[in-house]
Each structure stands twice: as C-alpha cells, then as structure tokens.
C-alpha cells in the first residue's frame, strides 16, 4: 500500500501539478469568500431571502419586511455566479491541461494570469470600478481558459 | 496498454481516493436530486419559467398564467444554487486533498462531515427547520473545505 | 523529473482518459459559449444588470433605463445555470468513472450521449423547440450521469 501512496504522492510532487493545485485552491477560496460577503451584506442591509432568516429581528410583520432583495446583496450574488461560470471551466480544463504535459513556465503563466484576472474581476465588480475594467478582467480569464482547452484538445483529442 | 490501465486502476484502489470517489459521488447525486425536486414543485404548483413549458396545460391566455414564480420553487432553486456554490469547491479542493497524502482516518473524517453537513443543509432548507440549523450546517461544510485547502497549500504550495 | 512527467503523460495517453478529456473540454467550452450569448443579448436588447454597464449608452436617466431585465437575456441565463447544474456532476463523476476502468466502447458511449444531449438541450432552450425536446435532452444527460455514478460506486465504494 505504501507503494501506491508513493505513486499518488508523485502526482502532487510534479511541479506543474503543484502549481495547478495551488492556483485552483486560491481561486476556489476566493470564490468561497463571496458567500461570506453575501452574508455580510444580508445582515448589514437587513435583506434576507427566507422568512426563517428574519425571525431574530423580531416577530410577525416586523420581521417580514426584512425578507426582501437589496441592490448590494444582488451585486455580490451576481459576482458569485460569475465566479461559478468561469472557475468551473478552469477547474476542469486546467486539470486536463496540467496532465497534458505543458512546460512549467507556460503553465505558470496561464495559472497566474487566470488567478490575477479573477481577483481583479472581483474588485472591479464589488467597488465597482468603471467599465471596461470588469469586462476586460472577465475576458482575460476567459481567453486563458480557451488557450488551455486548445492545448488539451491538441494533446488528447479522442472523439 | 493493459499496463497503463493497471496504473489507473491503482489510483482507484487507493483507499483515500476511493473514499473521495464515494463521497463526491454521493454529494453530486444529492445535488442532482434538487433538479427533480424543482421539477416536482414546478408541476405541483403549476409555476413554470418558459412559455413552451405551459402548453400542456391549455392554449393561449389559459396557459400563459402558469408562467410565473412560486415561493416553493424559488426555495428549491436557492438550495440548488447553494449546493453548487459549496460542492464545486469540495469537488476541486477535495480531489487535490485526496492526492496530497492525508491519513485515511483524517480524510474519512473530512469527507463524512462534509457529506453529512450538506445533507443536513438540504433538510434544513427544504422543511424548513428554524435557524440557525441551515446556517450551522452550511458553516460546518465550509470549514471542512477550508481545512482541506490548508492541507493542500501546506503540501503543494508552488506560486 | 522526466520520469514523473512520463507517468503523468501515461494518464493522458490512456484512451478512456483521453476521451474523458476531449468530451469534458467540449461540454465546458459549450457552457462558456453561454457567456458570449448572454453578452450578445444584453447588448442587442440593451438590457444590463449593473448601472456601470450602461454608461456607454449616455448619461444619467437616459442610461439608467437600460438597467433592466429582458426575456431573451433571462432565457440564456437559465440555460447557462442549467448547464452548470448538469455539467458540474459530469465533470466530477465522469473523472471518477474514467478512473474506474470502464471498457473504452462503454465509456465512449456515455461521453458521446452526454455531450450530444447537452448540445441538443442548448438548441432546444435557445430556439426554443416545443417541449418535451428540452425536457428529454435534459433527462438523457441526467441518466447518463446516474449510470456513470453507479459504476463509480460499484467499483470504489468506501464509506
């Protein structure tokens, strides 16, 4: 059994795979931060989605009025959904890319630009910065993912 | 080629990886159940999102009135989205964690608590149970994922 | 180090894994297309979610009126979310299935039907085709994923 574990450990010892592991964990943690940000705005704006979430604010009609939408909460939720739409492709295509044998420096370039673009996207969405800041940071992450997908298909196409 | 297949099979023979495979499949199947639950509420409440979904209920204005939102349908959809937001990080970080060489017992503890917390979260959201049931079950799954992310970064940090 | 890389490359050399890599990349790229489609409808229908997105259309109240929802935009967004809800389980369960040692022909059958069903689902949702086109294409992809999950649990169940 220790022989098998050694083989698994070799995967995580590979530098490209370690870089993938690091940057994927970073962008997934960043995405998870959006949940805390949503909670923060729900409590500070007193805007909740469910009646059972408002009972700590009082009883009956007094609490009911806090079951409502709020502009800031909805903005964070759109940012969170945009993360899902873009980080899920990175998670899947990035894993296959890391296993397709890219140069370490090329792989690092892809991972670093993607992570940087998604962090910038969050600041552009939350502050918010004037457009096209958000649009450009989204586009850069999108193109990095397309570039990795191209490498995966060129290496392993099997239809 | 049978030699290669043997190596792949070794991955799925590793106990930590088998545990990851099992619990990931379980939480993804649980998430998929939300689609069936949404369909059930859409049909029983007659509340559909698209005009083409209502034609079986009649023609013209008679069918049109069923293109509407419903409280129970929206609740299931929020639960489904919350699953996506939390199970996607588990999918990615959990895979990297399983490959980072954790003790079998520690890994099982992480996977079992996460799966249990997400199943509890669904019951808390759908029944619904009074808060903080849903909040706590969400938080437990969140902390388990953070703990796995810490192990991944400690083992394989490569920036 | 080249020894380790060789082992990684063996994974991507395995035919079942190459097929998984190909079809996963295809369905993730298809999902990413929904972002471009959303942008297209937002610009052609002049319907934006954020005030900072409308400033290129003029100043003050003139631009403000374009921060609104639009039927076509919302339809694409529902299609995009449906992709997330169904392609995330395929991403995770499909990877574990590819590592569980299925026959190449059986695996190809699963991957091809899933990818075909999701592409059909998008056409059924966007055109839109009369029901039950969309419902059936959704159901076929769902059942393929269940079938793969069954194989994963049969091969690697470890609770």
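Order as written gives the chain letters A, B and C; numbering starts at 1 within each chain.
Keep in mind that, in the parts below, a contact is a pair of C-beta atoms (placed from the backbone, for glycine too) under 8 Å apart; a residue touches a chain by one contact, two chains touch by 3 or more.
Which chain is which protein? Per UniProt: A, B, C = Microsomal glutathione S-transferase 1.
Values in this document were obtained by computation on a predicted structure and should not be read as measured data.
Peer 1: What angle, rounded to the nearest 5°, describes the rotation that places the Cα atoms of chain A on chain C?
Peer 2: 120
Peer 1: Residue numbers at the chain A-chain B interface: does the shared fraction exceed half, giving same, or fall under half, giving different?
Peer 2: Different: when the shared numbers are divided by all numbers used, the fraction is under half.
Peer 1: Between chain A and chain B, what is the gap in Å from one C-alpha centre to the other?
Peer 2: That pair's centroid distance is 16 Å.
Peer 1: If you look at chain A, which of its residues touch at least two other chains?
Peer 2: In chain A, 7, 11, 15, 17, 81, 84, 88, 91, 95 touch at least two other chains.
Peer 1: Using the touch rule from the top, collect the residues of chain A that touch chain B in their complex.
Peer 2: 1, 4-5, 7-9, 11-12, 15, 17-19, 21-22, 24-25, 28-29, 31-32, 34-35, 49-50, 52-53, 55-56, 80-81, 84, 87-88, 91, 95
Peer 1: Name, in rising order, each residue of chain C that touches chain B in their complex.
Peer 2: Against chain B, the touching part of chain C is residues 7, 10-11, 13-17, 75, 78, 81, 84-86, 88-89, 91-93, 95-96, 99-101, 128-131, 134, 138, 142, 145-146, 149, 152-153, 155-159.
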